[in-house]
Every structure is written in structure tokens, then in C-alpha cells.
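Let me give you the structure first, and then I'll get to my questions.
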Amino acid sequence: QTLRWASAGDSLTLDPHSQNHGQTHAVSHQIYNPLVYLDMDSEMQPGLAVSWDVTDDPNVWEFKLREGVTFHDGSPFTAEDVVFSFQRAQHANSDMRPLISSVTRVEAVDDHTVHIHTDGPTPLLPNNLNDLFIMSKSWSEEHNVMTPQDYSAGEENHAVRNANGTGPFQLVSRDPDVRTELVRNDDYWGKDEFPLAISRVIYTPIQSSPTRAAALLSGEIDFLQDVPVQDINRLSRANNVKMLTGPENRTIFFGMDQGRDELRTSNIQGENPFADRRVREAMNIAINREAIQQVVMRGQSVPAGMIAPSFVNGYTEALDSVPETDVNRARELLASAGYPDGFRVTLTCTNDRYTNDEAICQAVTGMLGQIGIDVRLDARANSIHFAELQQAELDFYILGWSVPPLDSHYVFDFLLETKTPDTGAWNFTGWSNEEFDALSRALPTETDLDERDRKIARAWEIVQEEIVYLPVHHQVLNWAVREDIDFTVQSQNKPMLKYLNFN
Amino acid sequence: MTKTTTSSQDPYQVEPWWQRILNSDLFYDFSRRPVVVLSAVMTLLIISASMLAPWIAPHTPFDPASLNLMDGFTPPMEPNAFTGNVYWLGTDSQGRDIFSAILYGARVSLLVGFAAVGFAAILGITLGLIAGYKGGWIDTVIMRIADVQLSFPAILIALLIFGITKSLIPRELQEQAAVYVLILSIGLSDWVQYARTVRSSTLAEKNKEYVQAARLFGVTWPRILLRHILPNVMGPVLVIGTIGLALAIILESTLSFLGVGVPATQPSLGTLIRVGNEYLFSGEWWITIFPGLTLLVLALSVNLLGDWLRDALNPRLR
Amino acid sequence: MIAMLVRRIIQAVLVMLVVAFISFSLFQFVGDPINNMVGQEATQQDRAELRERLGLNDPIPVQFMRFVGNAVQGEFGISYRMARPVSEVIAERLPATLELALVSGVLAITLGIVLGVYTALRRDGWFSHFIMSSSLIGVSLPTFLIGILLIYIFSVELQWLPSFGRGDTVPITDNWSTGLLTVSGWQSLILPAITLGLFQLTLLMRLVRAEMLEVLRTDYIKFARARGIRQRSINFHHALKNTLLPVITIAGLQLGSIIAFAIITETVFQWPGVGLLFINAIRFVDIPFMSAYLLLIALVFVVINLVVDLLYFVVDPRLRVTKSSSSR
Amino acid sequence: MNQAKRPLLEVKDLTCHFDVSKPLLNRILEREPKSFLTAVDEVSFEVNKGETFALVGESGSGKSTIAKLIVDLVHPSSGKIEFDGQSLATSRGQAFKNLRRRMQMIFQDPFASLNPRWPVGELVAEPIYAFGLAKSRAEVNRTVEELLEKVGLSGRDAAKFPHEFSGGQRQRIAIARALSAQPDFLVCDEPTSALDVSVQAQILNLMKDLQDEFGLTYLFISHDMSVVKHMADRIGVLYLGALVENAAAEELFKNPKHPYTRMLLDAIPDHEMTGRKRQAIKGEIPSPIDPPSGCTFHPRCALATGECKVKRPEVVVREGTRVACWEVDRLA
Amino acid sequence: MSDVLLSVRDLVVEFPKRKTLLTALDGVSFDIHRGEILGVVGESGAGKSLTGAAIIGLLEQPGRIASGEIWLEDQRIDQLPYEKMRQLRGKRIAMIFQDPLTSLNPIFTIAEQLVETIRTHLPLNAKQARERAIQLLDEVGIPAAAKRVDDYPHQFSGGMRQRVVIALALAGEPELIIADEPTTALDVSVQAQIIDVLKRMCADHGAAVMLVTHDMGVIAEACDRVAVMYAGRVAEIGQVRQIVKQPQHPYTQGLMGSIPSLAHQRHRLIQIPGSMPRLDAIPTGCAFNPRCTSVGERCYKERPDLLVTNQGEVACWLFDQGGVA
């Protein structure tokens, strides 16, 4: 059975360590295996490791490896490959480096045991290994791909278009941005465990969304990952197509630069309206999240009150409760903050990154307009958006965040801690709170999990009180498959095709 | 055969200008072609409707604050599921009344079209006149530039200029600047045609004896160009201009479709189609079909007019 | 003849240099190339080093010469967006665009000429009127709308033809895999080729018609009639040949335009060609790619123009014979 | 010098070359030097006030070029043109403007010489405005009306456009326009060759009338010998840019001195059927870019000798006729 | 006469215009005899070219023959279907146009154009046709014809090209040649040569010629008989000497008088006042009546037909027994 699989964008490279990018990993998961992985229900499952635990030394994790596994080229999988792969992933060219930054050393205890040493206790280490794929050392040596592709320098190495993994599928051909063909690996270690019903996979990226929908309707593809939300209705009505829906590990929200003395794009001189909490609250309650859900998202989203999805440790329904939309109160708040006539600001937005991102921004533009804030909208490609965002040049911006380690610390670390070279990498709001920083920084090494949860809860309290971000919604994931396919949505948006079955 | 007066009339009687127009061959030919008349009517209708948009449009689609998101995706002539509002041609994803959006969108499209054509025409005519009249190295330089320019299809030039200006203009100005950037990029990609046509007509005209006669009276060359030659080369310019208008409108919509045109908050017809295009397969056909039809009717009418004008102004086809 | 050739080549080189300069300026004025190359963690020192290494501190003329030198060797640097050498990406994608352009070019030219001649000869026939008026619709509908409508009708509703992609391809050489040798390749080609060719077809058709009507009105056609030459021969021998002369130039330019207009078609049909890459490059301000594409298109135009000029030379005796006796 | 005897127009050694070289590149590749076309070759003549001087010659002999040189539409390569003792080339400002005004031109093609977009009134008024010859709009209108009536049109034609007139009427408008500058001297470059004979007669008569009325001086260019004979007091015969013979009209027809003139006269069709035998002209006019050596007429000349092939003939005066031919005495 | 080759009877040609019907030729009648050169003169717009075009069946749209007959010997040719007429063209009737520069197809060699024409009308093979082509060029006076036959038109000078055009017209050995101002575009000095060639060719081939011109010199020199046209009508037909020396119609008289004379000097020329009427304003009665010096009552009311006088045919009431009054 051949599966024709399509998504909006292609995998960036087949080199598994080069890029930390969702769709790239999604493809790699079919070819390579990590030690542990998240299954279709986002539960952690043994991959190339069969068991793992912290050793007596809290700084050392022990992983027992699966036996009898071979790579696609027939060579056996051993602990040496794991050691090699960690080293490779820690190379400067690797985008995976931050995920294992705490790892100091990986050691092969025997052929099927490895020890991972960290600088300090790392209770959640396995969570970071979900997408850390294991490559064959000998193959890498043979093909001179000991180091990951230097993506930003445009380097190409053998691993970019060739692959030798332990995964359920084996690469046949790869034409980037056009077509990637895989066949079933009949020597797969899990061939009795999983359905493994597909014999061949043809993977095609299709950029234009109507074309994507059309291709599915016309039966040219069997499985579509990025279903345009507006087409869901029609697709579910079509009798040869089935919709698969589930929550996605991604939350969409707006950030405001609160740290500067003066905004770059505002008419207000000498002060920063966003620095005033009343302004942020006014904006928070001006946004009609229900309307966005109903109209822009066609119901395919969950209105959000916090910036982490429900899978995340630290999430509570109370925190996530959506504030009541109240235009009048918002106006009052603005007036009391000293902006009875509102102010002007530019909202910068992507138009190709999140589901209906530009439409969401447009809608918010209108809603803020209703309380007197004159929002100019600038929608652009995500590469530009993120480049500028990372240079901290934006006053008011959209951002979506997913939390692969499923822990609040990931959110705190990137989005909320005070921006320093080591922390707050994506905190472009200029927000800084000492108490919060202290709480957040204590988390990684906190081994008492209850105490840890309490700290997380307190940290969230501060964040919600301060209204650092304006949450919009949690995305809902929609996949479409041919009628006779049996599959479920994975909230990481990484389909594990080995689970797919035909009726 | 302009004179149609019968012998009983005073042969020296001079007709007022409107009489001249009504009696002209052009108008006669025009009035005999229902399709052309229809397209003129349609063009005028769309132009005047879009000019009067602020007064006749039931909503102001360019003011985001006035939109109610809950009105989004209302089908034509059907009440909205949430708000119960009824819209003539339905609403788009933001709850914008399509009818108003078309009026305002046509306004943007026409503004860009007219301004771009005007810009291209003025630039092209000026350069063409000078190149043709002065000749020599000025001519060579201008025409070589035109050749280089001609090596690039309009769309590429427009895309390029758009790309460059976009990264040069400060962000807060971009939304307003988009329209001007479009005008600039379409206009710049289009002047060559005018320059070439005007140049070749000028070459022909400048050797006509009436130009030499004017020189005899000591008329300076800019004045000769302006008063003598220009009126005589306007015929073909008018034709290119008309067809160019249709092309500019289409180019604008194409650029907007490719996502490099006017922003979605001030949609032109092209932007409306682009936005609506996403909803075509999902059943919200009206978002793209109505603006698409308007664009088609507009471009078709203008094209028909241009087509007719070309034949009508070509003496050899008469 | 040689002089003409030399002049055209000099002109071509000049055009290429101008375009190269524009491309080069892109690097200079649009964004900081360094920013696009390094991550945001890079230190000031890293940047300075890279700047030095890339020669960005050299005087502009030196940089330009280097740019031209590289361009001549097909070196355009690394695409910011795809992080691969631009020349490689283009080489990989160009066949798709060329095949598409070629097929729609052939379609446009043959049909354009045939229909143009037909409508010129049967000026008042209803079929001519039909073709003429529907062709106006052809130029009034934006390409993208046509594409979308074709997909809607033939892929979604009728499910006759694929809606995207190139179908199966067969590698011919290392870089060139063609879709022209497989059934699915041809099936995939039909809709994009029509979409892309339609506009040019209409233009050409109208041009041929106008030119033909013009030629049919000339004195030498009148004189041929007066000599009792057969109608067929007048139409297809005397008139057509004279008609096609000026059409050659335009057809050449159209072919170039087709390659450029492929941008839209490729976007709509997800055709894996260079146009699709270009539109992405514009959005992402991928300067190396933009500049390479620019040069590529310029080169295509220049080459086509050169070929057309030579062709003209071969077919038009007025140019070929240099020692004309007395014609002033 | 005696004022009265000074000619109104004096042309001395007037020469005009046109650069007809191929583009630089072709010249380099084909190793060709720059080439020049000698349109007017050391032409000298004088025109006295009130008389009509005619220039005749085959097509391409340089008639129109001389006309343009005189009114300064083309600049001479060498030689001088003096009008009433002043030279256009050296005068500036008001003097220049005044000279310009005094010399006007009537063109060959009545269809091309009137701007089709201008109403007749404005066409005729343009010189008046350009030279500032009237003080008020009303005065301009009056003058225009008078002029139109003078040339046989109606003042009310002023509001019409040129295309509403026939060729003859247009030529009248052109004459009215030339007259509106109040010139002393009119250059007429084949003013009737585009017209039918019956209309030609009207125009020729009109020109004669105007000459009588205003004392105009004409430089009259034509290739029609009978028209020239009818109009001219003196005639200059041009061949390849050179003036080969310059004689009083009567004398030229009665007693042509140059073999070329004789050939031209022999070729005049005998439309009156007097029985005169007509001789077709032999050969074709050589290229002015590469003219024959010596006397440029020698390849077509029955009397040519060795000397003619190498030496350019000097102008000699015989019975009041200035003629450039080595064999002039043999012919007589 | 028995040897009438072409006979035009009451030919009326009309152009339907936006509001009116323009009658460009109104009752034109004349004959051409074998071996004769008939000159057709008249002012511009008199209808000379239209007459020629109507005879060979190449009237331009929307012009049409509204009534009248054209007979070529005993065959009526004004109503022939296109293909029949085509076979006549070039074979029995040929036509030469005014401008030799544009009459030849620029992208075919002289040989190609000649051979095609010859083979269309004569049963010759390619080789024979080529030989005949060279022979024809030779006859019209192209030096080194065998060498130049493969040249393109632009390689010839104007006079040469007009000779080629004549050769092309003669290729099918036609009985009637309609020459529409064959020398107007040429230099005065080569006019005589072309007229000579034309005359000689007709004499040699025995063809009749209808020579359209407004140059009286050409007429006087080349023609046997002359038809004078005015406003779409024939004003007078007669022997050429007759017309030149003793014109009868007041218009012809005016026309002849307005030509400057070489023989005697006059201060003023005789001129016909006014100009030829536009087609949409032709006066009733005699079309010449507004300009005529001997106009009478009758001229305003009745249109004169061609009246046979002892010196030819004249369309003027002066020559009717009833007189002008």
C-alpha cells in the first residue's frame, strides 16, 4: 500500500541534527529513531532505548538500549552510535545543541547501555530527547558526515539527501521541495509491534492551500497534514476524505514591548503605553477570542487565557480561563491610563506561519480599533518576522509557541525570564520580574517534584497578573486522510506513519 | 468626411465642440457598436461607483474598528448565523461587506491603475519625445535603457521594485506606502512602451513640414514638442494607455495575489481575490467570485474600449 | 552581418552588466547580508570577521568585479532561505520551468499563429468574432484566476487532470529530469501550460491578426492579386511570410516573458520550477536567489533576442544583402 | 556700396555635407572611413529684390537643402548667406529674430505642412504671436481674417481644421501663414508639385499677385521646367549639388549653355503637341556620396573630354549666363 | 468598331458611408480597342483609379459596382465569381500601380515572383518559366537580366523596379494593361524611359493600355485617345490631338489652359475657379456647373450624357442641339 503524504512545507534537510524544525523532524521520524519518542497520544515511548532512569548519581542518567536493531544498511546498532550521535548533535553546526546543553558527557557502558552525564540534576532530560535521532557511526564515517550540515552556510553533505537510520522506512529518493520517496524497512525492530501497513511513502510539499485541498479532493494524495481550516467543512463533507482532529501543542499570542521608554511605531512620545498594566489589561479584554475562534478559526481552536497548551505541566483550567470581552471597561482602563483617545502602534504579523495568522491579526486590529487603539498591520513572511523579532525590533507582534518537553519551564526559560545572553532567548517584551526569575531559575535542578509544581504555579500567577502576553488560542490540529485510513492526530504534528493502518 | 452639412446650411458655420464630438466619425463608429457602448457604460459605472464609494457603500471596509468579526463569512442575501445581519453580496473572513469592499477595492485598483498608467505615460512620453526629437546620443541612451528594461517582464520589475522598497521603507510607513510603491513599480515597468511608440511617432512627425515651419517662426524645441508634436502622437498613446490601464489593474491584482501588493487591511480587488481564493474550495465562493467578476468586467470593458479605440484610430482600418 | 552580430553581442553584454549591477546593488542596499547569514547569537566580532572573510570591506568596484566574476562562473552564493548554493538550486529547478515554458511557448506560438491567421482571413466569420471576443476575456482575466478556475473544473470537479506538481519524471542527465517522457508528466503539464500560455497566445494571436491585416492591405499584395496569383498562395505564401517576420521578434520576447510569468503559474500549480522559488525568495528577501534569478532571466532574454536577431537576419533578405545598390 | 544695387540675398560658396557614415562599429569592422554626402557644393548666386529666382534639377540635386540652408533650418558646412547685408549665422537676439521673420518658406506638401490638430486661425496666427507682431487678440484675429481673405479663403474658415480643406486650399493657408510674418522673402520649395494642374494654376497666379502687391522676392524651387519658365526671372540649374548654370529665364530656354541644361530641356514632355521631339534622359543621377571626379556630369555628358574627368570646371560668364563647363564654347 | 477589347457601360461605383451613399463613379462609359493606348486624365479624386480597380475587380471594401457593365470582348466580367476573375487577372487584364517601391514583395526574389506569375498563367515548367522571366526582364530593359533575376527588390533603383513591375504585369501576356499613374512616383528624368518601355511593350505584344495619369505631358506623348474625367464622370473622350489642341468641354479647356506653356509666356495662367466637389456634395445637373464659365439654366437641372460630336464625345449641353439654355 502506497501512502501519498503532503504537507505545506518540506523537511529542510534529512540531516537529523542540523535543524530543530517540526516538519523536518516529522520526516526524520520515519527514517530515524530517537532513544525515546512521543507516540500518537503524545505519551513517551521507548524508541532505541528500552528503559531509562537516573542513576544514584543525580547527575547521571542510564539508558538501556534495544538489542538486535540494525540500520538500513544492515550494520548493527550499538551504544557507540548513541555516543556518536550525541557528540554530533552537540557540534556547533547542530540546531539540537540547546536541547542537550546540560549534557556534559555520554559514555558507552557496554554495547547496550549508555550513561549520560549532566552538569547538575536534570530530571526532565528524556523529554528533551524526543527528537534526538541516532545515526550510524560507521556510515557517518564512511560518508564523511561526522559533523552536521552547516545549514546557515549552505553546506551540503551526504546526509542531507541520503539517510541511514533504524526507522520503519527507508529512503529511496529525495528531491527537496518536490518529492521524497520512502519504502518500508522490512527489518524494522518494531515490525510486530506496529501495524506498519504502508509499503511505500511518497511525500510532497504543497505550498498553496487551495491546491492542497484540491489535491486531496481529487484523490492525488492520501494524507494531508496542514489542512486549511476553511476547507475542513468541505473536506469532511467529501465522501472519500476523513478529517482527523485533535489539540495541537501550540499556543498563539501577542507580545508587546514593555521595556522601552518609547515605542518605535507609536504616536505617543516620551512614554511607552505598553508599560502600563492598565493598557495591557484593556487590550486583553478588548480581544474577542470567541469571535476569532468561531469565524477566523471556524471553531478549530481553543480560546486561551495562558500561553501554554494543556499538555504542559503547570497548565490549569483556571489559568487558561478566557477573560470576558468588555469594550467599555477596556476604554475606561485606557482612559485611566491616560490614553482616552487611544494611541497608534504597528502590529507585526506573519502570514505564512500559523493557521490563519494574518486573519487573526486583522481581526485583532479591528477589535483594538474599537477601543481606540489605531493598529497598523504589517504582515510578512515568517523568516523576516523572526529575524526582526530576534533583533528585538518589534513593538507589537504575534508569536506561536509549542512546548515539546511538555513542561512550563520551557516556556518560562524562553519567553518570560529576563533577557540575558543565557536566558529569556525569546523574551522580546522587555518584561523583567525578579521574583519570577528566581522561581524559574530554580526549576531545572529542583528534584522535589511537588515543590517544583508549586513554584511553577506561583510563577504563572505572576505572569497572569502582569499580563505579559495576550494569549489568543491554542491551535487545533487537523489532518485529513483518505476514507479507508485509520489514523489519529498527534499533538506534536509529527505523524508516526508506522501507526497508520488501512481499513 | 467630417462635413455632413447639407447645402442649405451655412458652410462656414462652426460647430460647438460637443457638436463636433457628436458628429465625429469616432463617435458615430462608437454609437454603432453596442458592445463598445456597453463597455464604456460599465467602465464609467465602476469608476463612478468607486469614486463615490464613501457615499454609496453601506459600510467602510477600510476601517477595521467598524468591522464585526462575528459577521464573517455571511453568504450573500442570507442572515448571518450569529448576528443575523444580511449582506447583499455577503461578507469576507473579517466580516467585511463584500459589496462595500468591492467598491473600495475597485477604488484602490483604479487608483493604482490610473496613477501607474499616468506615471508610465508621462515618463514614457517625455523620454520618447526627447529621444525622438533630439536624436543622437540622448536617443541612444534612452533607447538602450528601454532595451534593458524591456529585457524584463513587467511583473519581474514590479516584484523587484516592490521587494527593494519594502525593505527600505520604515515599517510604520509601509502600509500607506504600499499603494505608492505599487504605482511606482507598475509605472516603472511600463514606460518603455510609451517611450517607444512616442519616439517612433515623433521621428515621423519631426520630419513633417509643419514642424519645420514652426522652427521658422523661432519656436523653441520644448514648445514644438509640447504644442506641435505631442498632440499628434497622442492617438497611439491613448490606445496603449487604455490597454495599459487594464494591464495595470490586472498586474496590481496579480501582485496583490502574490502577496506583495496592497495590505489586506485596505484590500484592492486583487487582494480580495487572493484572500477569497483561500475559501473558494471551502464553499465561500462569494468572497472571491464577486471581486473576480468585478475585475473581469472592469478589465474586459477597458480592454474592449482600447481595442475599439485602436481600430477606430487606425486610419488604415477605416 | 558581423558588425550587427558584434553590436548585438556588445549590447547583450552591456545589458547583462547593467542587470548584474542591479543584482549586485541588491546585496548592497537591501538588508545586511551578514544578518542573514549568522544567527542572532553571533557576536560583533564574529560579524566583523565574516564581513572581512566575505570581502564586504573592499571597495565597491572590487566587490562588483568579484560579483561579476563569480556570476560568470555560476557562483551566486548561498540562498538565505534554502541554505544551499543558489546555482545548484537553480540548476535543479530550471528544467521544470524550461519544460513548462517550452510547452506553453509552443502552444502559444502555434495556436497564436494559426488562430491569428484564421481570424485575419475570415474577418467577419462568426467563429473569428467568437475567437476575438473570447481572446479579450483571455487578456482580461488574471493568470492566477484562470489557473484556479482550471484546477477547480478539471481537477476538483471532473478529476481529469492533476492539480499540482510535475507528475513522474525521468532523469536524462544528472541535473535534468524530464516530465515529458511519462504520461503523468504530460497530464500534469496540461493545465499549467494552458494557464501560462493563454495570455501569450492571445497576445500573439492578436498581433498576428493585426499584422496580417496590415500586410493584406499592402500594395504588393494588391499587385499580386492583380497578377491573378492564387488566393492560397497570396494568403499563405506572400502574406504569411511577411506577417511572420515582425512576429518573430515579439514571439521571442513572449517566450522570455513566459519564463518570467511562470512565477504565477508555478505558484498556483505548485510547479517545482525556479519561479516558485523566486516568489518565495521575494517574500523572504533571499537576495542571492533574487539576484541570480534576475541574471538568469536577463540571460534568457538576451539569448533569445540574439537568436531572434540572427533568425531575422536569415529570413529577411533586406537585412541579409549588404551591398544594396541605391536604396536610400 | 550702393544700397539700391545690393542684392537682397547673396549666397556665396555655400556648401553642405551630411554625415552619412555607418555606425562606428561597422566602420571599424569593415575598415571604412567616415563618408559624407555633399548635398550642396560651393553654390553661389544672388537674388535681387522683387525678382523670382528659380532652382531646377533632378531629384536629389540639392534644391530643398539649399532652401533649408537659406532659412537656417540646416546649417551650412561652409560658405556664407547674407540677407540684406546681414548673416543669420552671426546675428543674435532681436536682429536674428527679425531676419527670421523676413524670410519665410512655403513647403511642398500642403498636407504635412499644417499641423492637423490646430485650427486654421491659430496656424496662421502662430508667427504673429511668435514674432510679437500684434498687440491684442482682436488685432491678431483681424489680421488673420485679412490674410485668409487675401489668399482667397474666408475669414470664417479660421475656426476649421486643415483636414476640412482641399490641397489647394491648404496651400493657400500655408501661404497666408507665411505672409503673416510680414516677410520680404519667400522660399517656395516645390509649392505646387503635389497639386493638380488646375489648382497649380490658381496657386501660381496667387503667388504672382502677392508678389505684385507686396513686392515679395521669391526663391522658387521646382523640377517642372514649364512652371519654372512661367514663374522665374532667373534660373539656376543644379546638378549633384552644384550650380551648373545660372541664367536669365528667357536666355536659359532660348540658349542653354550647359549640356545638362540642354538635356533637361530636351526631356520636357511636349504636352502642347507642337511636334518637338522629346529625348529621354540618359543614365541615372550618380550617388552624391561618391560623386564622379572632375565635372560630376561627365559620365552622362556627350561632350565630355579627358579634362572633364579630372578637373572640376570653373564658372565662366557667357552672354550674362554663369555656367560651369569646360566645353561651353564647343556647345555653342 | 469591331476590335473593341474592353467596353465599360454606365459603370456606377458606390461607397456606403455612415449616413450617405457616396457615388464615386457615376455612369462611366468608354471603350478600349485592341493595340490602343487610352489615356485617362482628371484631377485628383476624379475616379481614375477606381475605374481601373473596378475593371480588374479589385475594388476595396466597402466599394462595390452598383450598376453598369464591363465587357471584355464578349465576356461580361463585372459579375464574375472570384476564381473566374482571378484567372482573368494577369492573364488577360494586368495592372500596374503607381508606386514601384511598394508593389514588389520585399522578401521574395524577382525570379520567384516572376516565375510564380508565369506559371500561374502559362503551362510552363519551372525551368522554362525562369528562362521566360529572364527574357521578360531583358525586354523591359534590365541590364544583365540573367544575373539580376535572383536579386531582391530592394537591390534595384526606383526606375528599375518599375520595369520589373511592368515585366510582372506582362508575364501572363495580357491583352489589356491598366497602368495607374506608373510614373508619378518616379523622377521626371526616368518617367520618359518608363513610358517608352510601356509603349514599346504594347506595340510588341499587341496589348491595349489604359494609362491613368494626371500628367498631360505623358498623355500627349503616349496615348492614342484620351478620356477626361471629372467628379466620377467622363467629361470628354477624343483623339489625343483633338483634346490637346481643341478641347471642347469647358472643363477640358480650363485644364489645358492652366498648364504653363513653354511656347508662349503669359503673366497669368488661365485658371478654373474653385475646386472639384467632394463626393458628398456633387451638384445636381452637370457636376461642373459651379466652376463653368459658359453655364446655362439646363446645366443646373439636367445631367448631360456623353454626346457624340464630330470630334469625339463630350458630356456638355453646349454640344446638344437643345443648347445650354
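Should a chain be cited, it is by its letter among A, B, C, D and E, assigned in written order, with residues numbered from 1 in that chain.
Convention: a residue touches a chain if its C-beta (ideal position, glycine included) is under 8 Å from a C-beta of that chain, and two chains touch if they have at least 3 such contacts.
Everything numeric here is computed off the predicted structure, so don't read it as measured data.
Asks: From chain B, what is the lowest number of touch steps before chain C is reached?
Replies: The distance in steps between these two chains is 1.
Asks: Going by the stated contact rule, which chains contact chain A and chain C alike?
Replies: Chains touching both chain A and chain C: B.
Asks: Taking each chain's centre as the mean of its CA atoms, which one is most distant from chain D?
Replies: A
Asks: Where are there more C-beta contacts: C-D or B-D?
Replies: When the contacts at C-D and B-D are counted, B-D has more.
Asks: CA centre of chain B versus CA centre of chain E: separation in Å?
Replies: Distance between chain centres, rounded to whole Å: 51 Å.
Asks: Cα centroid separation between chain A and chain B, in whole Å?
Replies: 46
Asks: Rounded to a whole Å, what is the gap between the Cα centroids of chain A and chain D?
Replies: Comparing mean C-alpha positions, chain D is 90 Å from chain A.
Asks: List the centre-to-centre spacing of chain A and chain E in whole Å, with centres computed as mean CA coordinates.
Replies: About 91 Å, centre to centre.
Asks: Hunt down the residues of chain E that sit against at least two other chains at once, touch-wise.
Replies: 157
Asks: Return the residues of chain D touching two or more other chains; collapse runs of consecutive numbers into ranges.
Replies: Residues of chain D never touch two or more of the other chains.
Asks: Send over the residues of chain B in touch with two or more other chains.
Replies: Within chain B, the residues that touch at least two other chains are 3, 259, 277, 280-281.
Asks: Which bits of chain C are touching chain D when the two form their complex?
Replies: Those in contact with chain D are residues 2-3, 6-7, 10, 326.
Asks: In their complex, what parts of chain D are in touch with chain C?
Replies: Touch list, chain D to chain C: 22-23, 25-26, 29-30, 287.
Asks: Under the stated contact criterion, what part of chain A meets chain B in this complex?
Replies: For chain A paired with chain B, touching residues are 209-210, 213-214, 217, 228, 230-234, 264-265, 288, 291-292, 294-296, 346, 348, 351, 356, 358-359, 362-363, 365-370, 375-379.
Asks: In the complex, go through chain D and note every residue touching chain E.
Replies: Spelled out, the residues of chain D in touch with chain E are 58-59, 166-169, 196-202, 204-205, 208, 223-227, 229-230, 253, 264, 267-274, 278-281, 284-285.
Asks: Considering only the defined contacts, which chain A positions touch chain C in the complex?
Replies: 12, 151-156, 175-179, 204, 206-208, 210-211, 214-215, 217-220, 352, 380-381, 383-384, 387, 390-391
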